[in-house]
Amino acid sequence: MAAKKPPQGGRNQIKSVKTSVEISGVQFKNPVLTASGTFGYGLEFAHLVDLSSLGGIVVKGISMKPIKGNPPPRIYETASGMLNAIGWQNIGAVEFITRKLPALRKYDTRVVVNIVGFDLEEYLEVTRFLNDCPGISALELNISCPNVKKGGFHFNKNPRDAFEVTDKTRKASPRLPLWVKLSPNVTDIREFARACADAGADALSVVNTFVGMAIDTEKRRSRLRFGTGGLSGPAIKPIALRMVWEAAREVKIPVIGVGGIATTSDALEFLIAGARAVQVGTASFYNPAASQDIAEGLERYCRSHSIADVNELVGSLKT
Amino acid sequence: MAAKKPPQGGRNQIKSVKTSVEISGVQFKNPVLTASGTFGYGLEFAHLVDLSSLGGIVVKGISMKPIKGNPPPRIYETASGMLNAIGWQNIGAVEFITRKLPALRKYDTRVVVNIVGFDLEEYLEVTRFLNDCPGISALELNISCPNVKKGGFHFNKNPRDAFEVTDKTRKASPRLPLWVKLSPNVTDIREFARACADAGADALSVVNTFVGMAIDTEKRRSRLRFGTGGLSGPAIKPIALRMVWEAAREVKIPVIGVGGIATTSDALEFLIAGARAVQVGTASFYNPAASQDIAEGLERYCRSHSIADVNELVGSLKT
Amino acid sequence: MLDKRIKVKKIQDLGAGNHLLRLASPKQAGLTRPGQFLMLKCAQGINDPPLLRRPYSIFDIWRQPKTGHPAGMDILVKNVGGGSARLAGLKPGDAVQVLGPLGRPFEVPVGLGNRIRFACLVGGGVGIAALLLLARKLLEQNTHPVLFYGGRVPDDLVLREPFERLGIETHYTTEDGSMGERGQVTLPLEGFLSRYARAGLRVYACGPWGMMKAAHNLAVRHEVPCEVSLEARMGCALGACLGCTIRAWDEKGEEQFLRVCQEGPVMSSRTVDWETPPI
Amino acid sequence: MLDKRIKVKKIQDLGAGNHLLRLASPKQAGLTRPGQFLMLKCAQGINDPPLLRRPYSIFDIWRQPKTGHPAGMDILVKNVGGGSARLAGLKPGDAVQVLGPLGRPFEVPVGLGNRIRFACLVGGGVGIAALLLLARKLLEQNTHPVLFYGGRVPDDLVLREPFERLGIETHYTTEDGSMGERGQVTLPLEGFLSRYARAGLRVYACGPWGMMKAAHNLAVRHEVPCEVSLEARMGCALGACLGCTIRAWDEKGEEQFLRVCQEGPVMSSRTVDWETPPI
């Protein structure tokens, strides 16, 4: 049961733990954020989670104009995971700023806005708009959503395109830090990490969902009306962790780990692999308090292991 | 409970079902094979499975000379899956032909030999050697194993290399059908399917394992001595299924579905998506009889659904 | 709405794969309104599969014998797959993680009794589970609920007694007529509508998509308001994932996607696009 | 070797997370030899996680009171994680899928008693589970088994009674000496070896890697044969996946990887590379 003993062999516990992490000049009170599209606009979880206990909230992907999304069925559960093809349904940037952000700002947590668009111009338009809005700590550029026929996804098919969209968006958001969210559906994530870093990205979120499929053998139809969907949940954790580890060694900018994180120990794996922070996604669906549990769990872990600063964990993997 | 009613609404059951499928001129008594590396040389399972009930057995990857493999630990369980980094440990082609194949040939099933090598010359050498051995129904070219530092894997990093190794190996095995086993760790599996088909592959096995990782948070070390490992099991099924569907629509040669298949219904999904046959892998570890159960289950399904020929299912997905 | 680990008080096998599960949770019971549902974690550990919770209508509220205060909820579970099988296997004393009550309830305006004479409750299979609390509420509003309850075979017509105990008019149907009328539940409904539509009616339906669609069409033909309680696969049930949407029409008759967990499960049947089933 | 769905006859809590599980399976019991193990599916459904089965030594064979025929196996389960927790939670009457008996048993040549005087059985923690059947076999061969059993605290020293009932010499150790000698189990072992090495000895060890390594080093120093029962994560336990290997040396002193499920779990300690733990 080595698993339960501290490695340093029971040094005295320490009083206070520094849990805050810095990402592109912005301080997050702890390294636990919620993943875009899995926590709505944050407010949906307000009675079940103390939003102020979170490092930050990455809201559902926002476009300039509202998007209706894909026809149902949109989700299907798979072994330790789920497929989704929501199709970017969102209320649009104006509605978000006027109706959601003010309420969200009442909480003591960081708001990161995930942005989507069907072509480069749409990305730039929503970026320029949000860049001037107070109460936003960073933008997360989603060029990796597999669930729309055209749009963001193809930017993540080749590093040159990823460079271009990052470069242009970077210039369209002079005020706000820009995170780029990478797709795992690539041969070598390092090429994309490097391209986005070179284009001026302030941080990378690794990763989005894996393109998957499930079939109703009786109807001989896809379980999702859209056909394919994005796979998320604990099933993908080992692949996401490997990609975070590769990306973190490839670039100097912070990497934020996403993919199958459901427990404190999952979050620790990502930090040790090199992630500066983590995002909790699918776990919030079946355990609404997962993100808060993990934020608190990380602090407990540091205390019981005499780790004075959570940043000591980042990239501490021995090889 | 629509799930349990036949779609045609209870036509009378039919007497005999044609379960055999043809892959590059070779008849397999049914579409269920065992996946390379998960069923040893077949004989290990002989007291638990009726080997003659299987369409075929794909044996562990064979190289010309024996290979010792990677240091332990080599495996680790993850959510609905497992990581492995065996590192091609095998007894070598001569030992296989003299000590394993004769015993295996006593069973009424097809033997497919998965071949591995650290460079092109090694692939060709073992191919030439096996091409002359009786009792082998096909070769499966493994250019997609993630668990060796050098070797096959890089052939699957770009379609040109995949074309070259397929083309050369094809010419080195004039007598035996050549299957190529693709890696899922690519941006677009269709490019690789097309390249291998163009190079003369007789069939494609889709897919091998996904590169993943797991970390012991106490030791701050990878759970596998090799560092990363190949993810397999039900966790990957949705991604493998999607790739089989893409590959089957891209090429005319048969596609053999592999990845997380553990039940009859899993196998049906792959056939409906376009697979001519399936391979059962990790499931055999925790349910040694999984492959036989599925072979029998498919026949039962066809009978109860009045499907006279299992080939009717192949690629029958409605879109 | 709360997320609580609560105890199974008892579980009753109703046959044909149906089980009545009695859960102890005064707070959640006290908040419940007719047509709302719960999200149940179907495995022991919160991270054990099936990962996603499963939605179940609140069939009834049971009360403290002495005080008469709400003590918990009864739910009807039909075993159709991995999650429901686990729920059906629960034993008294077992704990389950339960989120709820959730969703938009049935509309029963005060004084509805003065405006309409009969309320037609149309249930198919486990859809019956959404209708008992509604029937009580309707009686409180001095309307006359009439139950139309259909199944394939008699065994599918579970939990009739609680309705009969209310002393309301009931119409049962089975495919072969071995219980009640022969055929679809919409058959007696149609007769009833043509007879009483002018008297002022409302239709409330919960069951298979096809049945609700048929009920909707009848309601439209007879110009009667109709609410349906819809089903969809759910992720969060909090309105966050947008996974549970159905295709619907907005005021301008344009396509919109509504969340069954928020704008539903109960919706006016007129807003639903009946050509696009969500499952 | 068989793969059977068998019944839990009883389960006994031994404290400190240890449980003794009695399984009913005459056939598998009849095939068992000292040092062999079983692979248990730790979940209900064969496809439920944890997917991979878990290896457990066969601690004892229990018999029909009347006939004396083998009736099943006893295994010792320490709760250390997902799978073992599920096993520890099993109730009498529950069914488990069990593969076995598996692996290479301890070597007890016939007439061993004429060649050696004492057999030192060295157990650490749950490693004790591999040694009881061996002790009996050794007694049959007229050797004198001596048990060296160490744990961190007294609670770790479970299942001492079955050994004491054999009337054999026993040495216990705990870290603080609150039971038996103070320190590592290799302390009394070392004393014993230096005293009796010339008399003809054998060492059989099962426990944590470090303990077996220490026992091995002592055996080498005193030129005594030593067998160890090793642990590794296992996939198939059939010799097929090559996942359970340890690093070892062949005759020529070259690196080789041996399968704990086939060439083991029992191996000569001389072949093992003690610098490369397999877990």
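Letters A, B, C and D mark the chains as written, and numbering starts fresh at 1 in each.
In this section, a contact is a pair of C-beta atoms (placed from the backbone, for glycine too) under 8 Å apart; a residue touches a chain by one contact, two chains touch by 3 or more.
For clarity, every value in this text was computed on a predicted model and none was experimentally measured.
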With subunit D set aside and the rest fixed in place, how do the remaining chains group by touching? one piece
Using mean Cα positions as chain centres, tell me which chain lies farthest from subunit C. D
How many angstrom lie between the CA centroids of subunit B and subunit C, rounded to a whole number? 46
Cα centre of subunit A to Cα centre of subunit C, whole Å, reads 36
Among the residues of subunit B, pick out those that touch two or more other chains and give their numbers. 3, 79-81, 233-234
For subunit D, jot down the residues that touch at least 2 other chains. 49
Which residues, counting only subunit B, touch subunit A once they are in their complex? 2-3, 5-7, 78-81, 83, 157-158, 185-188, 210-222, 227-229, 231, 233-239, 241-242, 245, 260, 265, 268-269, 272-273, 316-319
Can you name the residues of subunit D that touch subunit B in the complex? 1, 3, 41, 46-47, 49-53, 99, 232-236, 238-247, 255-257, 276-279
Note which residues of subunit C are touching subunit D in the complex, please. 48-49
Please name which positions on subunit A make contact with subunit C in the complex. 37-41, 44-45, 47-48, 60, 68-69, 71-77, 79-82, 84, 86, 89, 225, 233-234, 262-263, 282-289
